[in-house]
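Before I ask anything, here is the structure I am working with.
By letter and in written order, the chains are A, B, C, D, E, F, G and H; residue numbering begins at 1 in each of them.
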Amino acid sequence: GFAKVDTQRKARNGYPEVIYGEGKTVEQIVAITEDLLTEGKAILSTRVSAEKAVVLEQKFPDGIYHKDARCFVLNPSSKLTDGYIAIVTAGTSDIGVAEEAAITAETFGNSVKRIYDVGVAGIHRLFANLDDIKNASVVIVIAGMEGALVSVVGGLVDKPVIAVPTSVGYGTNLDGITALFSMLNSCSSGVSVVNIDNGFGAAYNASIINKIREGE
Amino acid sequence: GFAKVDTQRKARNGYPEVIYGEGKTVEQIVAITEDLLTEGKAILSTRVSAEKAVVLEQKFPDGIYHKDARCFVLNPSSKLTDGYIAIVTAGTSDIGVAEEAAITAETFGNSVKRIYDVGVAGIHRLFANLDDIKNASVVIVIAGMEGALVSVVGGLVDKPVIAVPTSVGYGTNLDGITALFSMLNSCSSGVSVVNIDNGFGAAYNASIINKIREGE
Amino acid sequence: GFAKVDTQRKARNGYPEVIYGEGKTVEQIVAITEDLLTEGKAILSTRVSAEKAVVLEQKFPDGIYHKDARCFVLNPSSKLTDGYIAIVTAGTSDIGVAEEAAITAETFGNSVKRIYDVGVAGIHRLFANLDDIKNASVVIVIAGMEGALVSVVGGLVDKPVIAVPTSVGYGTNLDGITALFSMLNSCSSGVSVVNIDNGFGAAYNASIINKIREGE
Amino acid sequence: GFAKVDTQRKARNGYPEVIYGEGKTVEQIVAITEDLLTEGKAILSTRVSAEKAVVLEQKFPDGIYHKDARCFVLNPSSKLTDGYIAIVTAGTSDIGVAEEAAITAETFGNSVKRIYDVGVAGIHRLFANLDDIKNASVVIVIAGMEGALVSVVGGLVDKPVIAVPTSVGYGTNLDGITALFSMLNSCSSGVSVVNIDNGFGAAYNASIINKIREGE
Amino acid sequence: GFAKVDTQRKARNGYPEVIYGEGKTVEQIVAITEDLLTEGKAILSTRVSAEKAVVLEQKFPDGIYHKDARCFVLNPSSKLTDGYIAIVTAGTSDIGVAEEAAITAETFGNSVKRIYDVGVAGIHRLFANLDDIKNASVVIVIAGMEGALVSVVGGLVDKPVIAVPTSVGYGTNLDGITALFSMLNSCSSGVSVVNIDNGFGAAYNASIINKIREGE
Amino acid sequence: GFAKVDTQRKARNGYPEVIYGEGKTVEQIVAITEDLLTEGKAILSTRVSAEKAVVLEQKFPDGIYHKDARCFVLNPSSKLTDGYIAIVTAGTSDIGVAEEAAITAETFGNSVKRIYDVGVAGIHRLFANLDDIKNASVVIVIAGMEGALVSVVGGLVDKPVIAVPTSVGYGTNLDGITALFSMLNSCSSGVSVVNIDNGFGAAYNASIINKIREGE
Amino acid sequence: GFAKVDTQRKARNGYPEVIYGEGKTVEQIVAITEDLLTEGKAILSTRVSAEKAVVLEQKFPDGIYHKDARCFVLNPSSKLTDGYIAIVTAGTSDIGVAEEAAITAETFGNSVKRIYDVGVAGIHRLFANLDDIKNASVVIVIAGMEGALVSVVGGLVDKPVIAVPTSVGYGTNLDGITALFSMLNSCSSGVSVVNIDNGFGAAYNASIINKIREGE
Amino acid sequence: GFAKVDTQRKARNGYPEVIYGEGKTVEQIVAITEDLLTEGKAILSTRVSAEKAVVLEQKFPDGIYHKDARCFVLNPSSKLTDGYIAIVTAGTSDIGVAEEAAITAETFGNSVKRIYDVGVAGIHRLFANLDDIKNASVVIVIAGMEGALVSVVGGLVDKPVIAVPTSVGYGTNLDGITALFSMLNSCSSGVSVVNIDNGFGAAYNASIINKIREGE
């Protein structure tokens, strides 16, 4: 085939290869999915448009398409962790990226708590949800614009914080570069960062860390 | 002389010309100061190095050099406003810029309240000082790194917030560009921004606004 | 719901939460509007496309859609300030941003004077309107390309100048970054700046300042 | 004093405030150190020049200055974790940043394994050390230039990888921005990133994660 | 005509002028093709859309349109070199650029070996194909995202490596700039670089070098 | 020698080769000067430091070192044009670049009128000098910071305006890039631009144009 | 109306206001055209799409739409200069910008000589046309990609060279920024530069200079 | 020791490890040199300052320090190739980078022909040396500023051209980024590019290619 699917990844990295749907034809996604199916593991396709999802749902009736997350999932983990990953967003526009993170985490067997739209413009909303954030195993903070929420959360918790800048905003947000650089310069320690809009990558990291706690 | 000093500025703008000391020889600063002296107004020179200050203090024994602010002042306003300008910084490294703002504001006759080192990494320090910030006529917020303090303050007060990004930080702080873009993208309304490290400009704006309150 | 609407904002900041329409579905705008309606305050939605406006006008027959401003307004302030905000543009292409500022200001109860297309290429047009600019409480200057108008106005008035760079131009205008950096470097004092095309933010700031004059 | 030392940080974040020595006078470092001493915790000062270290060693004879790391340490943790943090560098020029990470991790009580100069230009050096990397609890990968080592390591381990771009290189390395962006775009999953040259931040994150494994 | 076709190029440079189809109308491509036909040499048009190809195939029935490569070819070289050019890609999304390189090389008479989807996230795939890469005369490595594959290959072979950054990726990939700068900073020697997505340019260079080996 | 001095330039371009002193040793400048001396034309060396000038003055006692301009001149043109070049600066800090332009123009036989420190912050200074600007053959406008003076002058004259951005300013002036982009986006027509701080290049252009007027 | 048309521009600048069609509705162009018609001067509208041109041709039957140039012209100058402006392009893709320049120049009464597709990849094409370039009054050189043609022409002529970078190219051409910076750094003197794709601006400048030669 | 010297590189890549002297202490260079000495191959250290060279010359009396190239060489190849590498520079300021290339090439056993200061501002100098360039096996072209020489040479030869941008210039040369991007966008085919100021890398590539011709 056109692709050399990495069927040893689960053994090497603990997680099977995930299909990045952007720029792939639906035929290519189907072909790779079939390759991976033989392994009997969870199969996650990210960045899948609604149009492609229609085809995938016909081909793989057991699969579920998560519209906000733009993810297609087959054979998700049936058992979830005790500890949970908190996924926190600054605004409502960041929810798409947050759902990509949430579905990724759940597919890989993690419990997730969603805490959306608690940005610092109305900081009382954050404090109202602080206990849920503090009790998580890992915290993912997702924000566009100036990304200030990351530093505030980072200053209040003793858990690893994984920050996801989003491309939400206009003008000098520079499609997310401003939020990214802001997060990399956080005055709070304990924060690490992934690529702009990379909900998948944040959840993948969070899952590895959350599983440590579970003793896996 | 080499310069065309703008002696009509006080009439036109409400404030006399201010001397920007960077890149001027001390002889040039002396010459312009002498031109302005004939007007009998407050004379402020900013970005004056300690070396140049020695010469200025000899030439103009009535003048005072403010070392942290790097400002040299002659004939400051003797009467201060009732309302005050709050000058808030995120870290201790921002104090130089904050003092440039404070001395500028005081020279022009404004009362000032300094609230330094209350960045969001330890946000309780901000809340401990919140009343002083809320009761100001205008708030200047000065921060480097990711500049998150601006958005938090902006979300908590109903006064104009003037943000000053500083070049404090390293790596992706890009000498202050990151803090600047962060502040321009603040999720809180009511924030406007001046150039990187421009304590003078922030105070000049704040003074105009504070004087409105005083009914000037 | 999906959003945590900030219903305490009027108490905290003096102004209710404003709906940023870009990237929200019309259903989301309707839902948030209904949440805010219970408070009986002015409700402003910005960045509302003509298509979405049709739905909003049906849902809220009392509302008015301002086409140039792309704003939808319910319950605007019925009483306007004595002092006024001058809104000045360099060209005709900047009028969209100017109207976003004007409608925002009026919705919040400010008198506004519009002075459009007086850029420095024909500077006599500016001087012909100078009295109206000088007599304002606050001046908003809106310009794209090189943004030179800001410095000229800033050098002629003794009121706060809020500058709005626009994305108007091509090539090295860099979608407004050039105008923005130009304004941040203005050789005139008394200028502060908001994000590119951010007419709303400029008016929000101007309104706070204008209300000070009114003794509010 | 000039600073508001955050004495509640250990309770809130699990770690006491760390002194960032860059841009602070040695008097300021001494003053903050004395504030923190009363808490009886490990005290770490980073970015301390050799000149400042001389003064600190006189003032605090129990302290140790780590020259390569440019860190000054008082009361380091006496007990180390069972699991260890692997610190991997691409070249010899990255060792300064790596030592900042190593000393930070050790001061906070973590075992550390140093694996330096194993960049992909001679990839057999990496494979020769792969077992030590795979058996770590967390892996810190430090590289300048193109940062390719991060993706290779990320593809071979099932542990969290924290990547630190360094400013090592010339021309289009852009003082570390190229390595940073390279790492954020890693084709391997499980990688998160901190600011350029931020060995401290990487170790702080790694320590939180490593302590989870220890059941702390 | 509108163009001054460079009919002396084959004599001067060893290769005839190649038609860059982007931004040319199909009429312009036809006209230039007819000019070049009189010389009786291989005629290559790159960046030809499927729509334009339909017209070209009608006009020049002997020509072949290569869909993945987006190239239209007339009179390709009938005799291929003994030595071959290895064309290596990191992912499946880089195949379009790789095919532009492959068709260019073959049109000019070079043997080509395609080795696709062997990126470093699953580095065993590269080692499985290493002999084919090492035995080539020249190696073209094509990668987007962080471009790490170039440094790994560069460290393993003793042949010239020509690197092609692609615009594949998102966020901080900056449309290929990150891969480009990464490749220019490769820690492996023996690598030179062409413009983003420039499969044609890489193959043109590789062909000149490969022909040296053939003693042409 | 190490250099291939272009002794045909006067014939080809109307002006002899000019020595760019930056980065050349004084021995190299002496050697090239001696090569050019045999032609009996004006010899101009730009970017000559005061230290190098001491050596040049000893070697070539007829030469004159212009300290502000940092130029060393031998055999300047003895006859000046009737029409003149107006050299206009925004501030006093731009005078170094202006003098490089002025000395270049005079060395090549042009009359020059210097109009310095008339920036738009005090625009009445410009109007007070407008006749001198309007009556020039060509106008050079030199400005740093936001470069607004160029657009104002460009809108008032019917002569070619050559704009020189300077690196004067701080923060977002980006070492002159902001002034440059501002000038390239001037809303006034009739403006062309040279490199940052390139007083020499502006004068060279102005001289060619001024000589046309003289009928040369 | 919405616009303050600058009807004094011809008197002040020697040329009437020109209509920049981009982003204006056809109704706005018609309205401004009617304002300008009363002056009886040449009326030029640039950046006019084919769709808008249909309406303009109906409204103003005497007008001519130049398709390649995207310009609509009414009352062009009937008498042309003796001296001519040479308009030189590197490639065929630069012709659109070149025609904007040519039509602008002709509308304002200048003779023009078009010399297209003579880029340095086949430098003999340039030498074949060198006499026509050398005999011009002013030379406009238009190039995208790396813009090398400007330096070669600049080194061969003794006339003012106005360089226009175009956005032609891909990858690191950065939409024309690379050609622009290349031209600003030309090793040949006598070159000044206008904004990317600004054929109009180049011709406006060239016209002023060409008219000097004519003694206007 | 601190470094893992890659003693297998000669076997793998055909060339031994080269010491990059920048940022290494002279002790580190000595230590690595001693490691490599045991292999009995040519040892090249680049970016060696004059101060470090003094120590190296004492330690290794057989070594030679090339001052312009800033290279220290031990055991250079005693036998040179028949074919030669042409090293061409635009200006005299590019000679340092050119010598780094020349010494690298000679150390590895290549004949070299130096053709310096033939930039396009005086293009007759290039044509006077064209035969020597055309007869080379490989051509290295080194240029700062706008880098136009690369495209002109690339259009005239049928050999591989390796382009080296230099950081020579000021203002918008952006420390070599402009020359780099210019070269990557060359309108001439057959050009590939290395990092800014990377004379070593260009020569390393050229040597591999030149040796192919020799049948090695």
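Here is the rule we go by: a contact is a pair of C-beta atoms (placed from the backbone, for glycine too) under 8 Å apart; a residue touches a chain by one contact, two chains touch by 3 or more.
Here the structure is a predicted model, which means the values were calculated and not measured.
Enquirer: By the touch criterion stated at the start, how many steps lie between chain C and chain H on the shortest route?
Expert: Graph distance in the chain contact network comes out at 2.
Enquirer: Could you name all chains that are in contact with chain A and with chain E at the same time?
Expert: Output, common partners of chain A and chain E: D.
Enquirer: Please identify the chain with the largest separation between its CA centroid and the CA centroid of chain D.
Expert: Centroid comparison gives G as the farthest chain from chain D.
Enquirer: Find the geometric centre of each of chain A and chain B from their Cα atoms only, then give the gap between the two centres in Å, rounded to an integer.
Expert: That gives a centre separation of 43 Å.
Enquirer: Quick check: how many Å separate the C-alpha centres of chain C and chain D?
Expert: 46
Enquirer: Averaging over Cα atoms per chain, report the distance between chain B and chain C in Å.
Expert: 26
Enquirer: Among the residues of chain A, which ones contact at least 2 other chains?
Expert: In chain A, 12, 121-122, 155-156, 171-172, 180, 184-185, 189, 195 touch at least two other chains.
Enquirer: Chain pairs in touch?
Expert: Result for touching pairs of chains: A-B, A-C, A-D, A-E, B-C, B-D, B-F, C-F, C-G, D-E, D-H, E-G, E-H, F-G, F-H, G-H.
Enquirer: Taking the complex as given, what residues does chain A use to touch chain D?
Expert: 12-15, 18, 137, 155-160, 162, 180, 184-185, 189-195, 200-202, 204-205, 208-209, 212-213
Enquirer: Which stretch or stretches of chain D touch chain E in the complex?
Expert: Within the complex, chain D touches chain E at residues 90-91, 119-123, 145-148, 150-152, 154-156, 169, 171-174, 178-189.
Enquirer: Considering the complex alone, what residue numbers of chain F touch chain B?
Expert: 92-93, 95, 116-118, 121-122, 124-125, 168, 170-172
Enquirer: For a test of understanding, state which residues of chain A touch chain E in their complex under the given definition.
Expert: 2-4, 6, 8-9, 12, 17, 22-24, 28, 167, 175-177, 180, 195-198
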